[in-house]
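The same chain A turns up in both complexes below, where it pairs with chain B and then with chain C.
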Partner chain A sequence: MTTTTADKITPIIGMEIHVELDTATKMFCRCRNRFGDPPNTNVCPVCLGLPGALPVMNRQAVEFSMKAGLALGCTVSAFSKWDRKSYYYPDLPKNYQISQYDLPLNVGGAIEVPLADGQVKRVGIIRAHLEEDAGKNLHDDPTSTKVDLNRAGTPLLEIVSQPDMHSAEEAGAYGRAMQRLVRWLSVSQANMQMGHMRFEPNINLHIEREGALYKTPIVEVKNLNSFRSLERCVEFEIQRQYAQWRQDPNYTLEKLGKENRGFDDVTGKTVFQREKEEAHDYRYFPDPDLMPVVVDEAWSGRIAAQIGELPLPRRARYMQQYALSFKEADALTQDAPSGNLLDEAVAAGATAKRVTNLLLGRIAATANERGCCLAEVGITAGQLAELAKMMDAGTVSASAADRVLVEMIEKGGEPLTTAKALNLLAVTDTAQLEAWVDQAITANPEIVAQIRAGDKKADKARGFLMGQIMKLSAGKAPPAQAKAMLERKLIG
Partner chain B sequence: MTAPREMSALALRDAIAAGQVSAAEATRAYLDAIERQDGAIRAYTQVFADRAMERAAQIDAARAAGKPLGPLGGVPVSIKDNMCTAWGKTTCASKILENFHAPYTATAVQKLEAAGAVILGKTNMDEFAMGSSTENSALQKTANPWDLARVPGGSSGGAAAGVSARLCAAALGSDTGGSIRQPAALCGCVGLKPTYGRVSRYGLVAFASSLDQIGPLARNVPDAALMLSAIAGHDGHDSTSADTPVADYAATVERPVEGLRVGLVKEFISDQLNGEIRAAVEKAAKCLTDAGATLVEISLPHSRIDVGADGTLSSYAVACYYIVATAEASSNLARYDGAHYGHRTPKTVGDIIELYSQSRAEGFGDEVKRRIMLGTYALSSGYYDAHYLKALKVRRLIAEDFRAAFGQVDVLLGPTSPEVAFRAGAKTADPLTMYLSDIYTISVNLAGIPAISLPVGLNSTGLPLAVQLLAGIFEEEKLLRAARMVERGLGSQELVPPAGREEK
Partner chain C sequence: MSDSIDKKLVRHVAKLARISMSDAQATAMGSQLGAILSYFDKLKELDTEKVEPMAHPLDFTNVLADDQLGASLSCEQALANAPQRDECFFLVPKVIGDSQ
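Let's look at the complex of A and B:
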């Protein structure tokens, strides 16, 4: 950034993240919680806001929120309640949104955010409360607006962070860590394209000049729905606020307070948004249609027991217990089910290294093609363990194992039967093995001479002979056994 | 044999079950009476004649097949026009919902039909149940069957006039601040507001969610008990409906309460109370003491009524009510915006805000607008603490008074309305005077307790007089039995207005 040398600038960034929860039904009715169906098909009197309809709390949504809250180290409130937030908008059929105002479900907490340089940044969580989402306005016709209420009433977890972030990179990393966590907990699909996560950063600068501290107005930007937009928006604001403050000494928090700006993805710039005065008064009051949420220790304890190991502790464990590299451990802790495959295969007697290679090789490549996670490729932990053990025992070579895996991914089937069917099992018949070894020796007298002479090229020559044996056997010679036999014959 | 319209709901139910009269005959008798007499009374906003006859035929077919008919088998009833039905319209007597067809049926209405009742039609009311005379209906004015120049009370004025004029055997109304009891008192029938949560509110178009409750209007206490048993109970669609067992109120109503302790509410029996109404309360008290009850004077300090230097009345309860109820109403009625359903302005509008304001300006009547504005103000930032929060505190104090009282007595006795039916138009110019019509009924809704209004005779000019009995939370059974003790003491003589008498 362009600064005059005397200025020390600290960006102060906090964030609200809206996460759509992946519950079976909506927050206050029994409609299917699914977006993308033909407009206004997953609707009922409740989410249409018809006269006389009443909300009934979805317990699963509360439990998903508790799960996320507990994983963030929040305190689950023993008593929280529902409030109505009033504003008029066509996608909000009741013209009020059911939310939680002064007594949210989760309070306090923090998340460990891994940064690109391997450092971990701790970001405080102020609160995480539950509310209902609005519908969607469709502006596909210039003369009218159509409203799709399929999304109306979707459970939304709003996570409010402390202003603990100081750069666009940290803001992006925080968003990614939150995405990994909610996916890890299976409480949200957290698919950015589907709008499952939306970011609202608030940004200002603390500028130190000649011993004095200046603060720029806190800028809130709503509805960013990609990591790239988030990072570009924060970066732009940091630059813009500093430039504006240098131009206008009255551009300060004291003078202007907060302001709302919108981010334009095309230009990469934010633009000032004037809000109507009355829009600030949401006239919150307790929703008389709903009972308060009372959570006893038994209930929160049951949810806490479902959480299990979180991504960062698991990554550390993989590096320590399985001696995996940071990169390997990180790749296997993007979501819980993929890592579970490794743990379960190891528990079934396979070596961690072998399973990791299988997972991050052919399986990762397939997952990447399909755009799914490792576990969704369809290979089970039991199958992984069996294949890994076959490799250890020399029953299949590495190249044969890969072909077996490809076949299993495409057509299903168990490792041993697949290897048999493909005629890829290593040959354990000693006479056959001896014939291949002898043939390789006989056909390459100069190579054999080099080895026996023990010159510099001996290692390379051994490798060449092994290659010949594998070629003659079409990959079915068990490598360890063939190597031992070759050595015996070369000495003898 | 007695004509179907002369029979109580209970008697008619038994007569149909015994085959002495068919459901079709009973329904036809009521439909004919509506045809003949409702032009003058205008209790109904809609009559579902064909549907009612079909339902009656189904009941008769069920009887012919030897099937049970249900506790209200074949009994023709009416429902207030703020209960959603998947047939007909649900108007709330408002222009904004004048042509609204609900796609679903309210739980209480479903239960009523499941019990075998035949729904004749929907009754008139003050728009969105806001009012005490039914004069705030945007659709029509309803007359009091005792004197067509007078109001039936409100907001369930159509229901009370219909029951009183024998245009239905019983009715469902709704009570937010007295909307069942006050019109029952003014029309000379029985009106019961159950405990908050006793009856599901699902499908009842909300006015003030924490106060609204559906309840029966009937010719006598046993009929009210029968209706309550049919509609009460937990509903998975209403989080505020209670999961408390429902008694068979009709089965126990004839059993007097032994050693009944009755509290006379000191604050309600002041010198300002109309002499005839005071006498009515004393008459009811005597019925109870004659039946073995003991009388105690009870004080409800936070329900007291103050008299200003100029003679105007005021009460904490009324003040508290008009903050809580209007705050909730301002939010509940926000959905009527012309964008999704209901009245949309036919005028060309510049933007969505103009569509909202123009549609609402055209669709809502003055009283509804007044209350939306009051409630919006009470919830506004900077006023919330001084108004809404303070009202909630007063509400708790009022409820505490009742809790303490029901530690000492079984039921409380007092007037229902400060006066008998007044002339149409007498109070329309002064909303505050109109608000005072509910001065004795409002604290019951704030406390969530059940209460019943029952007629005790006529005043000197031939208009019905009534008293109110109140009981603790979920004490409907005791309340109904005590009310029946008064009714018996009076001689069980039903009051039939000139407009309700069968012409010979």
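Let's look at the complex of A and C:
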């Protein structure tokens, strides 16, 4: 940031994240909870807010919220209740939103956020409560608004952080860490394109000038639905608030309090939003239609037992136990099922390094093409283990193994039968192997001379000859045997 | 406390509830609401210092349903009483932004 004086600027950033929970049905009725269906087809008297309809809370939504809360180190409240937040809007058919006001389900906690430089930042969590989402307003017509209530009443987890972040990068990293966590726990698909995660950062600056501390108003920006918008918005606000404060010394928290601004994705700027006069008069009161939720230790213990190892501890374990690099370990801990493949293949007797190479090579490339995770490519841990062991035993070469994998990904099948069918099994016939080795030696007299003379490029020359042998054998020469035979012949 | 609440407050509450109101109605409502609120003033006289706040008058907890798909309405049924529609959408006067 450019400062004209010796001002010391500390951005203070907190965030609310709305996460759509991946339940089969809505929060208070048994309509389908799904994105992309024809408008107003997943609706019923309850979620349309018709008179006399009564809501019944979805147990899965409560348990998903508890699971996320426990993974965030929150305390699950022994007693929580439901409140009505009253306001009138066409996408909110009951004219109130059911939320949790003073007794939220999860309280306190923190998340470990990995930063780009490999450091880990801890961000405190104030609360994580359950509430219902509104429907969707479509504004494509200039004179009227179209309303689709398929989303009305679907469960949302609202996670409120402490103002612990200090840069756009940290805000983005926090959002990504939360996405990884809720996916890891299978409580949300956390698909940004489908609006499963929405961010509301609040941002202000602490400015130290000549020993005095100045604070700018806290700016809240609603409804950001991509990491890029989030980061751009925070960066813009940091610059804008500083510029405005320098122009206007009254631009302070004390004088102006909080301010709402909207982010325009096209211009990359935020614009001031005048508060509707009584917007904050929500008149919360306990919902008489819903009973409180009481969570005993047995229940929260059952949910805690489903959590298992979290992404960052697992990443550290992979580096320690399997000697993977940071990059490899990070790539294998983006979601739980992909990492499980590695653990299960190792448990089945394969070496971690081989399995990692298979996963992050051909399988990662396929996942990338298909836009899915590694586990969804369809290769099982058992198949990975078998293929890795075949490579270790020299039954298939690395290049042959890759061709086997391609075939398995496309057509299914087991490693050994696929290698046989493609005629890729290494040749164990010594006479055939000897023929390839001899051919490589005869065809490259200068290279052989280099090696025999003990040239400093001898290692590279050996590698070249091995490459020739593999080429001549179309990948079927067992590398270890071929290498041993080559050595014997080079000495002899 | 007086038995009538002032018209400004009546208008504020009416606006929050999206109710339009004539001047005479606002005056009448002021005295009616005032009478109701003065009854609450009476309740306030009770000493509730050592009484836990009540979350619900009934003594049930954890009334929860399984996450199993049930029946929904068709869009024709859902829109049967809609004053205005555009195919399967409800149609309302132009609004700006979203509620959340």
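Going forward, the second predicted complex is superposed on the first by the 460 of 492 C-alpha atoms of A that agree within 3 Å, B and C clash if a C-alpha of one lies under 4 Å from a C-alpha of the other, contacts with A are read in each partner's own complex, and residues count from 1 in each chain.
By definition in this document, a residue touches a chain if its C-beta (ideal position, glycine included) is under 8 Å from a C-beta of that chain, and two chains touch if they have at least 3 such contacts.
Computed from a predicted structure; not experimentally measured.
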Output check: A:Arg283 vs chain B and chain C. Expected answer is one of first, second, both, neither. What do you get? both
In this superposition, which partner touches a larger number of chain A residues, chain B or chain C? C
First (chain B), second (chain C), both or neither touched by A:Pro201: neither
Counting only touches as set out at the top, which of chain B and chain C does A:Tyr96 meet: first, second, both, neither? first
Using the touch definition from the top, say if A:Gln60 reaches chain B (first), chain C (second), both or neither. second
Please indicate which partner A:Ser86 is in contact with in the superposed arrangement: first for chain B, second for chain C, both, or neither. both
Check the residue A:Pro38 against both partner chains and state whether it touches chain B (first), chain C (second), both, or neither. second
Could you say whether A:Pro51 touches chain B, chain C, both of them, or neither, answering first, second, both or neither? first
Could you list which residues of chain A make contact with chain B in one structure and with chain C in the other? 45, 48, 56-57, 86, 88, 90, 145, 147, 281, 283, 288, 290-291
For the complex, give me every residue of chain A touching chain C. 18, 23-25, 29-32, 38-45, 48, 56-62, 79, 81, 86-92, 97, 103, 133-134, 136-139, 141-149, 198, 222-223, 262, 278, 281, 283, 286, 288, 290-294
Using the touch definition up top, name the residues of chain C that touch chain A in the complex. 12, 15-18, 55-58, 60-75, 78-79, 84, 86-100
Inside the complex, what are the residues of chain B that reach chain A? 82-84, 90, 92, 97, 100, 102-104, 106, 201-206, 208-210, 236-240, 327-328, 330-331, 334-335, 337, 339-341, 352-353, 356, 376, 379-381, 384, 388
How about chain A: which of its residues touch chain B in the complex? 45, 48-57, 84, 86, 88, 90, 93-96, 145, 147, 280-281, 283-285, 288-291
